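Two complexes, one shared chain (chain A), two partners (chain B, chain C).
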Partner chain A sequence: MKDKRGNLQLTESVLVMFFVLVIIAIGLVVFYRFQLNSLHDYENEYREKQIMSMLMTLPNELGYTFMGKSENAIDTSRLFSFGNDYGFKTIILEEVYPKSSEAVDCTRENYPNCNRFIVYDKTSQRFENKLVESRPVSLYYPLEDRFKAGKLIIEWHY
Partner chain B sequence: MALLNKHLQRGQVETIGLVVIVILLLFIGIFALSFSVKDEEVDENILTLKANALRSSLLKTSICNITIKDEIGNCIDNSPECFSDCPQFNLVVEGILKDSLENEGYSFKSGNVKMGNCADKITSVSDVVNGQKIEIAVCRR
Partner chain C sequence: MKGQAYFNWIFIIIIGAIALAFFAGFAFQYKELQEKKTEVVFLNSLDTSFTNLQSSTFSTSTKLKIPLDFSIECGDSGFSIVVNEKNSVDYLISSKDNIRKNLYIWYLPYENPFFVTNIYYFIDDDGVYIQTNTPMISQLIEEMPDNFKSRIKVNEGIGRRIDISGNELVIDGLAYSYLGDGLAYAGILSSNYTCFLNHFKSELNDAVLTYESKAEILKRSGCNYNFVLAEMSKLNALDRNAAERIESLNIDMINRGCPSLY
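Moving on, here comes the complex of A and B:
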């Protein structure tokens, strides 16, 4: 009789241990997934912050100043000598107005009769995804002394 | 005595079970909270940047020998310089606003002229031309 009761208690303890272990295992899996997700979130947030910081600072780096005063516009004549390394990104400046039917990439030869500047382009076949963000900018053409409406587009390849 | 011990043991196991359940519920609560309270600060900053950049870029743009800002002033007096009439000029402004933004909507207000519509928006720093306020905003995503 005592043996039977002992066996029953042992089985009960084993079952309890088993369920506790199952709960711990599920908890670990959930925790791991949560950590992984939050890591991806941090990664995305980091990219978004970096892109935002670039959108804010790039127009100043290439900015047009008149008598030392910033004109809040990008000097398009400076775009051909842009030599910074920004990692795997593509930086494009696109003219919005006057609007053209087709995009003509700017080179030293056809400038200013063009409407798109590929300022920086570094890609790799390893990356399949890209984060794209843009902001409106004013483009200054010193040869014509005119401001045109444009768009700064940054593509982050990852 | 043995019966009392057994009762005590069962009571302890039940208490431990209860504690485990409470801890599990706590964890679930923390997970749910961290998902619901998401940081939207970056999004907000990008939209503010876009709204101000849009205003600056639009008003500075050259048309014939003047800027869009000047032409808005001319249209307030109903005497456009670069266009035959103000509705034609408004179409150009609308085109620039639309093409300058990728996925966002916009709202433009200058006197009686209203373009675009936003339920919830982030407004740029406003500009005053001929005593009339120009308000440009980017819609929240």
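Moving on, here comes the complex of A and C:
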């Protein structure tokens, strides 16, 4: 009789322990998922910061200088042989003022009678998402010695 | 009754083993996750520092307290920051291989005569040891930001020998073209100057190509940029004097009413 009761208690304890372990395991899985989400948030934040810093620094790299002195504008005549590798991104410069009725992509041949420069374009089928940020910039056309208002757009494919 | 007891023990052992495997697996996964998180946070703050440094119109430096040691790798495809895994970066870094504790970053744009690239210089609390007999190297170190010059130990301990001889920067007996102070600083701070110089040459080549393409477009204004184009090729071949000649040719073009090349 004592043996039987003892075994029953042991079975009960084992089952209690088992359920406690299952509850702890579920808790840990939920906690891990939560941490993983926060990591994705950090990664998104990092991506956003990188794109913002590109928006800040790219106009310096493509900048118009007069005798080496920065004139705070993008030199449009330098946009045709942009050799840098920026990973899976698309960099576009659009003229916004004076406003044109239709977008004409710039090539070496039709420059400066155009209003949209696709400076860099590297995409892949495997990326479904894209982060797009833009900022206003000043565009300089040396052949006409004119400044125009433009928009620098960066698309990050991920 | 005995069978029931056996069953209990077997049940305990199996469940115990599963639970142990689960918790051990969780611990490893969690550790990996935390490391990845620290890495992302670190890269984030590094990126912020780079942007802040570039936003300034002056040559500036900053200090970054780093949560973990990292190394800089220079390979064929460019520079990488290795924390737990390799993170490729698209800028030039002049640094020793391993960085510990505090990271000091200094930024200098390389312009000779036009903008070529941005160079980031790294140093840590352990500093860099060099040997030199050239007063110009000592003078260059004097002109560095305070948090850099105090960490460069000249003629102390064991370090690379760096000298300037005529138009050449000589590092441990190997002679390289002296192409301005920015590259001399890279010679002082880089563990692998040859690799750094190769990437610099590629940046210089890109910049020359860009300005050659611009010169071709500017020819439509009726001006002749052929002399400048010839000097560009020499600059690409690391001719130090080509930069001065391009500068004076550019001034000539402006005086003749032509668009400025740079």
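Rule of thumb we're sticking to: the second predicted complex is superposed on the first by the 146 of 158 C-alpha atoms of A that agree within 3 Å, B and C clash if a C-alpha of one lies under 4 Å from a C-alpha of the other, contacts with A are read in each partner's own complex, and residues count from 1 in each chain.
In this text, a residue touches a chain if its C-beta (ideal position, glycine included) is under 8 Å from a C-beta of that chain, and two chains touch if they have at least 3 such contacts.
This structure is a prediction, so every number in the text was calculated from the model and none was measured.
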- request: Quick one: classify A:Lys49 as touching chain B (first), chain C (second), both or neither.
  value: both
Message: By the touch definition at the top of the document, which applies to A:Asn72: first (chain B), second (chain C), both, or neither?
response: first
Task: Kindly classify A:Leu10 by the partners it touches after superposition: chain B alone (first), chain C alone (second), both, or neither?
output: second
Query: Given the touch rule stated above, what does A:Ala149 touch, chain B (first), chain C (second), both, or neither?
result: first
Statement: Dual-contact residues of chain A (chain B, chain C) 38, 45, 49, 52, 56
Task: Would you mind writing out the residues of chain A in touch with chain B in their complex?
output: 16, 20, 23, 27, 30, 34, 38, 45, 48-49, 52, 55-56, 59, 71-73, 96-97, 99, 132-138, 146-151, 153
- prompt: For chain A, which residues are in contact with chain C within the complex?
  reply: 3-4, 7, 10-11, 14, 17-18, 21, 25, 28, 32, 35-36, 38-39, 42-43, 45-46, 49-50, 52-53, 56-57, 60-61, 63, 65-68, 75, 77-78, 80-87, 108, 111, 142-143, 145
Message: For the complex, give me every residue of chain B touching chain A.
response: 13, 20, 24, 27, 31, 34, 39, 42, 45-46, 49-50, 53-54, 56-58, 60-62, 67, 92, 95-96, 99-102
Statement: Interface with chain A, chain C side, in the complex: residues 1, 4-5, 8, 11-12, 15, 19, 22-23, 26, 29-30, 33-34, 36-37, 40-41, 43-44, 47-48, 50-51, 54-55, 90, 109, 111, 113-115, 118, 206, 209-214, 216-218, 220-221, 250-251, 254, 259-260, 262
